[in-house]
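One structure, as structure tokens, below. Some questions next.
Chain lettering (A, B, C and D) follows the sequence in which the chains are written, and residue indices restart at 1 in each chain.
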């Protein structure tokens, strides 16, 4: 059976490049079209892109001609790494034209009929897809800094209940896209502000950790406070988290909850699923962005430094690869989950 | 009247270099002796030091011969930037020999008869000096990351009462001394752990914000939780702080409490005192280490981003220069305060 | 006598900010107008600028309203930090309107009647000003990476003759303006290319080291080869130079040529002149950007590591502050020299 | 046939870690022993090492107990990443005990009977092994910054003859080992000096590009001048090279010489051999350390920016991965070449 043809929207951008890097050897998908802004459309990809990945640009991709972001692309799935200033309408147009839209943008994340999907956390939320009235469907993943936090909270929330979360992030440069942060602004510096980011972290987890009731998602009741910083790291968001639990737990119980956590992607052995979604490190100085962002090909989340918090109950450190697990890799896992579990509803099946 | 002769212990180290940089043109003090470990003793300072300040090594200092850290140094005051592995005994020896010891080390900070002095915050704590039985006296300043926090808390604690503090730090490389952090450990990275640091931030403020009762310091009752990170910044500790207050306050009241705050150093116009100890920035992206660590010659503390905290009451960002306000500069201000206010008890007076 | 009123063109840019920083306390000049692109014109300076200097924005400057770059500005001198895409015509318009234009842009540098002025090197080149037919005059300074090189070559060329120069630069981020280099492009990286830079270094020194003959500048005969790299340094261009001399010289002679070198700015004691233009370091590891770019307030050039070159004759390292000595500071020194030596021809005199 | 047992000397160091990373999945070799200094001997590897690679420490390696560097290790080949202060005697002892010593240290590089081996460049130099009188043999690879240069020079020297080379390096932090360069020394800085490095680059290529005559290596006659800088890059040495040729060549000829270059490792299809040893980039801004150090798993060398040099003939940029192609990877390729071509003389044969 042939591979499923997929297109990439926003292909020249930071997330678009990661889509290419992770789809080029994918067992189920084949890149059949690239689309980007009108400025790039019509050019060969290699001439339009400033490729800054650490693996070389695949030559076959480099020769492809970029299309405009109109719903006439070869492919059944579109992966969208579009800027949120334009993503909303374009993604809707593709859904109306019958494509399965796997979006990394924030525009539709909080729509009631759009799953804000993290496959290990809320695969049941795919049920709301049935409420979408378009021939195609839209599925979104969370903000990059939300993802690592929610992955770490999920098993604790299931077993002990999370009442309150205080999180301070140290976020990587790649999270700001390209050109993103000016070097003069960040070398020998920290920027203690990322526009809109704190709001996303304080709201998205409520939907993601919410439960389905009568076909709609009821948000979780958790108090979340976020403070976001940009630091001079290429990839990998680190988060200092303090939490308050509903039910008392021991340190050993919390660590076990993390290390034994598995979700549907692991059960289904999806191609992009990490073997173990959460890795706990016992060394005081771990996890670190440079050393651990690549664990399980960037798809696992690393946790460490669990200790009592004198103000809330517990504190710990979470690390995740923001452009892989927190963006392109998560979106691809979303697509894999949909094809595996809802092939009928989206009219696609697994090749091979 | 001649300047007061002072000696520097640990003169080749990171804090020792800052002492030299800030004392070389001081109106009251004159550097008359440098002391360091046995490895350096006997050498010319220029041959023993790896000078890494951004102002040139003063030639007259470069020619001085380094002494061992024995209490036979020319000078009445010794500024100690010694490593805490050796500082305890050496500083005691100097106090017994009659010197006024202005220490930046942690060894004596929590001794009941030693002031943990921050001149704008607790000048009255100098009263416990009378309990020291030695001919000389020891005065300490706090850990570098404690200092900025306590400066920011002081006016809020006085006016509204602080019940709980949650602080996550992003600390500069110079706080680890020299050679300190290896470049391979921090370039493109964050280290979410600094040995012993969280404990200092959770305990030192209690003494500093405590009150004198019957001649002894009663610690403040505040819950403090700290998480410390090392980031790739040369100088300047940034702290993301959330607080819970005893009495409700408005945003305007908190900002006014900070901007109008003045202490005894300002009243006395001490040479190293900043004109305004706390600067509040209204721009979202400020304060930043590279831009604001030098404010008021590194002696002021910068605050910004005050906003409501969904978990505690308020959150904000604090920035201070860790080797100036948080170490050498604070120690020198401590010495100035003592000379100005307790000249009799230490047998020293202001020159000129 | 009142200060001379001066305006700044391109005031919001990287060089414009440095002009403000260095003119705000200047003994002869007073900033009376700021001008920038149409996008900024009409705004208060504090609202239009992304101030990224390490000294605070002077409040009085922050309140000034930005003008368009039209020759109706209050002031007799205009300091131009304009982008070269627009500088050429604007500077000509100001010269036609009678202003003395002190330009940092490349547009007019190679015009036969425009001095490419480095006050210690070729003050006699001011003679060509008389050939300019406009009521005002234009004077330029060199490219930032040219400047340090020419300063180091000047005494050697005078005493021994320079036949060939091979230079490899490691240039700071601030040389690319703001936002300039993207952080994702330079963190953990080097970019071995700076557009147009090598050509400037290979041509500008020939004019600057040329001699006046019958009122026109005859270029020097030197073979120059340049290779330019961008590195992750905030300020300070470092250059690895190899030279071939016409006359043999000893190491001691070369060092003496540098350390004893003085020019007209030193003789005239101009306000921005370094006391000693060239500093030689005998330590193998010096000079370094972070440690030495600030020497003499950023106006001196540092040299080190003189040793024999197996291919040419000698090799050494040169360091200079690219936005100070290599741009704004040099332009201001140019203005000082003109006022001091040619006050009649430009109709200006020294205040005070 | 079982894999060949190999031991690693200096296993906890920077190069030792790279040996482990690249040998753990090697088709021919199996790590059977780790040895390090007496400080580490007797400890479990995971407790003794500060593992700072970006791939996780293999758990089976972490559990191995470290041996002292005595010639009683299980294994037939020892890969030595020892510090040069101790490598000389230890490596000799292992050769005397019958091991094949594949050394990355400088101690024996210039010994007349020791090949300074770069498999694509001088495989015939293995002939001098017969002159070694010990039961085992010692083979060395070059200094990390020498390697990239010699790879780039080889096809040009063969076809056109190289008379003179001028090279300025921008070297990565990992070249200094661990802890190596202090972060305070290199953040926002360049260090224009690396002790001993320039001498290695000026001498080692002469032996490597030399020819065998009557069984001994006659050095090449090339003038080489090197200037070495340390920059804030994790991995990847970049070199700005100018050359003078004996025979005139066109730009196209030089590029073709590089891109068509293949050596014995390619012909023999050795496991660690890059498919194409030299990659030429036509984009002005390439190669760059972050983007291209990983090409062909770090074993290829990247070249770009070929242009005429006004002082010598041609100039260009060379990039290589210093701890892979320039150290551990090259050493492993050396071992592969020996086993494939001289199995009898060292008593080893290829498994499988």
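Here is the rule we use: a contact is a pair of C-beta atoms (placed from the backbone, for glycine too) under 8 Å apart; a residue touches a chain by one contact, two chains touch by 3 or more.
Remember, predicted model here, so these are calculated numbers, not experimental data.
Student: Which chains are in contact with both chain A and chain B?
Tutor: Touching chain A as well as chain B, we find C, D.
Student: So which one's got more C-beta contacts, B-D or B-C?
Tutor: Spelling it out, more C-beta pairs touch across B-D than across the other pair.
Student: Between chain B and chain D, what distance separates the C-alpha centroids? Give it in angstrom.
Tutor: Averaging C-alpha atoms per chain gives centres 48 Å apart.
Student: What whole-Å value do you get for the distance between chain C and chain D if each is reduced to the mean of its CA atoms?
Tutor: 42
Student: Calculate how many whole Å lie between the centre of chain B and the centre of chain C, each centre taken as the average of the chain's C-alpha atoms.
Tutor: Inter-chain centre distance comes to 40 Å.
Student: Would you give the residues of chain C that are in contact with at least 2 other chains, written as numbers and ranges?
Tutor: 52, 187-188, 232-234, 290-291
Student: Going by the contact rule set out above, which residues of chain C touch chain A in the complex?
Tutor: Result: residues 52, 173-174, 178-188, 232-234 of chain C touch chain A.
Student: For chain A, which residues count as touching chain D in their complex?
Tutor: On the chain A side, the touching residues are 51-56, 187-188, 234, 290-292, 294-295.
Student: Which stretch or stretches of chain D touch chain C in the complex?
Tutor: For this pair, the touching residues of chain D are 164-166, 168, 170, 188-193, 195, 202, 223-225, 227, 229, 231-234, 238, 240, 242, 244, 284-291, 304-305, 309-312, 315, 317.
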